[in-house]
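In what follows, a single structure is set out as structure tokens and then discussed.
Chain IDs A, B, C, D, E and F follow the sequence of writing; residue 1 opens each chain.
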Amino acid sequence: MASFNHAEEHVDPDMIVLQANLDDMNPEHSSYVMDRLFEAGANDVYWIPIIMKKGRPGMMLNVLVSETKLGQMEAIIFRETTTLGIRYQKCTVHRLGRVMEQVETIWGSVTVKAGIYEGEVVQFAPEFADCERIARQAGVPLKQVYEEVRRKYAEQQGAQ
Amino acid sequence: MASFNHAEEHVDPDMIVLQANLDDMNPEHSSYVMDRLFEAGANDVYWIPIIMKKGRPGMMLNVLVSETKLGQMEAIIFRETTTLGIRYQKCTVHRLGRVMEQVETIWGSVTVKAGIYEGEVVQFAPEFADCERIARQAGVPLKQVYEEVRRKYAEQQGAQ
Amino acid sequence: MASFNHAEEHVDPDMIVLQANLDDMNPEHSSYVMDRLFEAGANDVYWIPIIMKKGRPGMMLNVLVSETKLGQMEAIIFRETTTLGIRYQKCTVHRLGRVMEQVETIWGSVTVKAGIYEGEVVQFAPEFADCERIARQAGVPLKQVYEEVRRKYAEQQGAQ
Amino acid sequence: MASFNHAEEHVDPDMIVLQANLDDMNPEHSSYVMDRLFEAGANDVYWIPIIMKKGRPGMMLNVLVSETKLGQMEAIIFRETTTLGIRYQKCTVHRLGRVMEQVETIWGSVTVKAGIYEGEVVQFAPEFADCERIARQAGVPLKQVYEEVRRKYAEQQGAQ
Amino acid sequence: MASFNHAEEHVDPDMIVLQANLDDMNPEHSSYVMDRLFEAGANDVYWIPIIMKKGRPGMMLNVLVSETKLGQMEAIIFRETTTLGIRYQKCTVHRLGRVMEQVETIWGSVTVKAGIYEGEVVQFAPEFADCERIARQAGVPLKQVYEEVRRKYAEQQGAQ
Amino acid sequence: MASFNHAEEHVDPDMIVLQANLDDMNPEHSSYVMDRLFEAGANDVYWIPIIMKKGRPGMMLNVLVSETKLGQMEAIIFRETTTLGIRYQKCTVHRLGRVMEQVETIWGSVTVKAGIYEGEVVQFAPEFADCERIARQAGVPLKQVYEEVRRKYAEQQGAQ
């Protein structure tokens, strides 16, 4: 039987999205900025390609984070990027319950993360790092590993 | 004379934008998700290409909808996509008045949708489906059909 | 009657496309690079947003130019961008015949550029700079200026 | 047992890619242009977002087609878009062998297209239209239909 | 010694972001719309490439502006674009203090704009127009001009 | 004095670009595919966001590689992605000479890679990994590390 390490489904009304438009930052620095923001507690960080003043190709940095961490995020963005301003807006996040489950395959055990919506599993995804490791060790295409893990997980669910 | 089927210009303060970042969904499913959301009452649905964690190319799903339909939209997004979370923010939408008018062309009648801002026509656009049908039936380039419809509409307006 | 300043439709088999992927250039410099390339004889210059090694957002510079100008283009790209390599491929360009014609509007004269395919006008477009000047001077929306110029041009064509 | 409707793996050295940069076409027309090109025999049609002269957001039309259909493709592009020039380059296409197979599910039969590389199935994908129909009729999420079809196909393969 | 023309770091809670999705506007008009919005007091204007209904490539216009200028921005967007609706949300902007300083180079004086975060210089950038002029007049790569200006600015800071 | 580990500037006419359009691959797999291609000898790998049939958001995989490695690249692409076809074209690559040089900073030694065009240094860039390590260890913004390394390198060059 599966052992659960789960978080309950909930709605969090105290999140913010920070945004900064960058048209003069070395794009090579973007992964570092992202890493720093995640390490400091960002829930999500992503980039949107945009077209800025005078038709310049730019990147918009987006950070989703709890309102309580606003100051820490701003400090990183102002120090590590080239922006002169940050804008932010409140937002609400509805998060599914999350359950981590082990699936046994011919190549060993893989963690699957499932998403629970109103008590029902609506998503599940094998952990990328587990599948990547197996694909390399077993010399099997990554997509085949995913396929097999998903198949085993579905079987396991059906058997409960 | 034109017959009107119009909606008045208005400001709607009770709209929301829902967003979900997807980095593990089969992109082939995106049109289906979009269709389902429109059928369930979304005012607009659109995708923004983004760059996510570990530099993965992802897609951000955006849904503009009345606040009263929040739950229905969430149910579709959680069931049909692979996201574990949805974020949303309130927004206000200012919509132009809309007037549908018939324009007679040498290929038959075409509907034109006009947008009214403070009592004045500021936009007008031939219906795509009408123009596409004519272009195919008459063997004329689509852009020529558009051009002709726009010209006739302008004439008709001038004559009133 | 219209006065013609035209070039004949032709196929040019001696063109090349140069490409360079940039992930560490200040995007602010991109318009300058583009200007320099056009001044030195590029037929077209455009940027494609790409995702590079380690998921970095980058820009691919593209230059379409006659093979005879390869060296001049390379000198500008190597000096003005941060790339360590340029790749290029031969290509053929099929260009429409081009005719410049004057169209009279209530706001003055506007140049229209038409494209001729096998003896027939298949495209025409008002010159952007003329329309922009009129829109500013007459206080009319730019799209209305375009619409009017296109209408007049079509009339003028019909009357010939 | 499966019945095969297959094409052999092969390398086709007589293909071309046509490209046209568009900065003044109504984007609404893009699906029509795409449809027309596919109907006339294009093997693939796709759009790349680009940044053009003066920083204008543009779209690059790409058509992959047999060299023998160059003229037909050009006629459609020159008539249906706003471009004044088309560029093209030769290219080689390596295509997998393709096998269509029927998979039985609890919701009925679904076609799966498999790709054969050096005699081995390396890809397989349920037909989108079949899955979409089932998802609507059975009221099941589309991704669940895909999952089930893929699972059944894998079982069927294993049993041979 | 440097002479200061500075603005203090501050947080402005009365900003709004206006957005309009455009799938039927001539992209050639986008720079004009941008210019008009900046002239009328927009703090920032940028475009995001999106995918709209029926898979159409579209552009999302974004305008960041003080809430007091909402009406003026809407008038320009409704008159100059093809949209039938504008949505907007409140947002807060945190702006760095700004200091303009002159830097002497072998090619003449260049303005550098520095950003001040909690009393400390965290960004600085040479003015693009100054550097572009020098690059052209002196026949030096633009990136070399930037490099030299940044080097001199850093020296100047160190010497204070 | 600097010690050189350099490669000469050269033109390589035997390169190819492979491309595959993907509209049904889990985007999460893209970094793995990229890693595998680099490990097998690709000179460059990058992704271009595209819009495919039925308006689906897709990704175009691009691989720049020596013609001699065509088969190895194809094997990886066919096994690890979902494509049914790969297209390729020959291209020529002009590569700058490359010189690695050590630069001493207050935080330790950093490698700088310089690009040599017709005997002259036209580019130089600090190694990302070195700068990232220093930024983390010294608690200094990454951009400040870059700035300092570039300044020291320029000084060192001037002194020779």
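By definition in this document, a contact is a pair of C-beta atoms (placed from the backbone, for glycine too) under 8 Å apart; a residue touches a chain by one contact, two chains touch by 3 or more.
Which protein is which chain? UniProt says A, B, C, D, E, F = Nickel insertion protein.
Fair warning: this is a prediction, and the values are worked out from it, not measured in the lab.
Of all chains in the assembly, those touching subunit C and also subunit F are A, B, D, E. Put simply, the chain farthest from subunit D by mean CA position is E.
Farthest chain from subunit C, judged by C-alpha centroids: A.
At the interface between subunit B and subunit D, two copies of one sequence, more than half of the residue numbers in use are shared by both copies.
Centre-to-centre separation between subunit B and subunit E, using Cα means, comes to 30 Å. Averaged C-alpha coordinates give centres for subunit A and subunit F that are 25 Å from one another. Shared interface positions of subunit B, i.e. residues touching 2 or more other chains, are given as 24-26, 28, 31, 47-49, 51, 54-58, 79, 82, 89, 122, 141.
Residues of subunit A that touch subunit E in their complex: 21, 24, 48-53, 55, 58, 60, 74-75, 78-79, 82-89. Note for the complex: subunit F touches subunit E at residues 51, 54-57, 122, 141, 147, 150-151, 154. Of all residues in subunit D, those touching subunit B in their complex are 25-26, 28-29, 32-33, 79-82, 128, 132, 135, 141-143, 146. Residues 22-28, 30-31, 47, 49, 54-59 of subunit E are the ones that touch subunit D when the two sit in their complex. The part of subunit A that touches subunit B in the complex is made up of residues 15, 17, 31, 34, 38, 44-49, 62, 64, 89-96, 98, 113, 115, 117, 122-123, 125.
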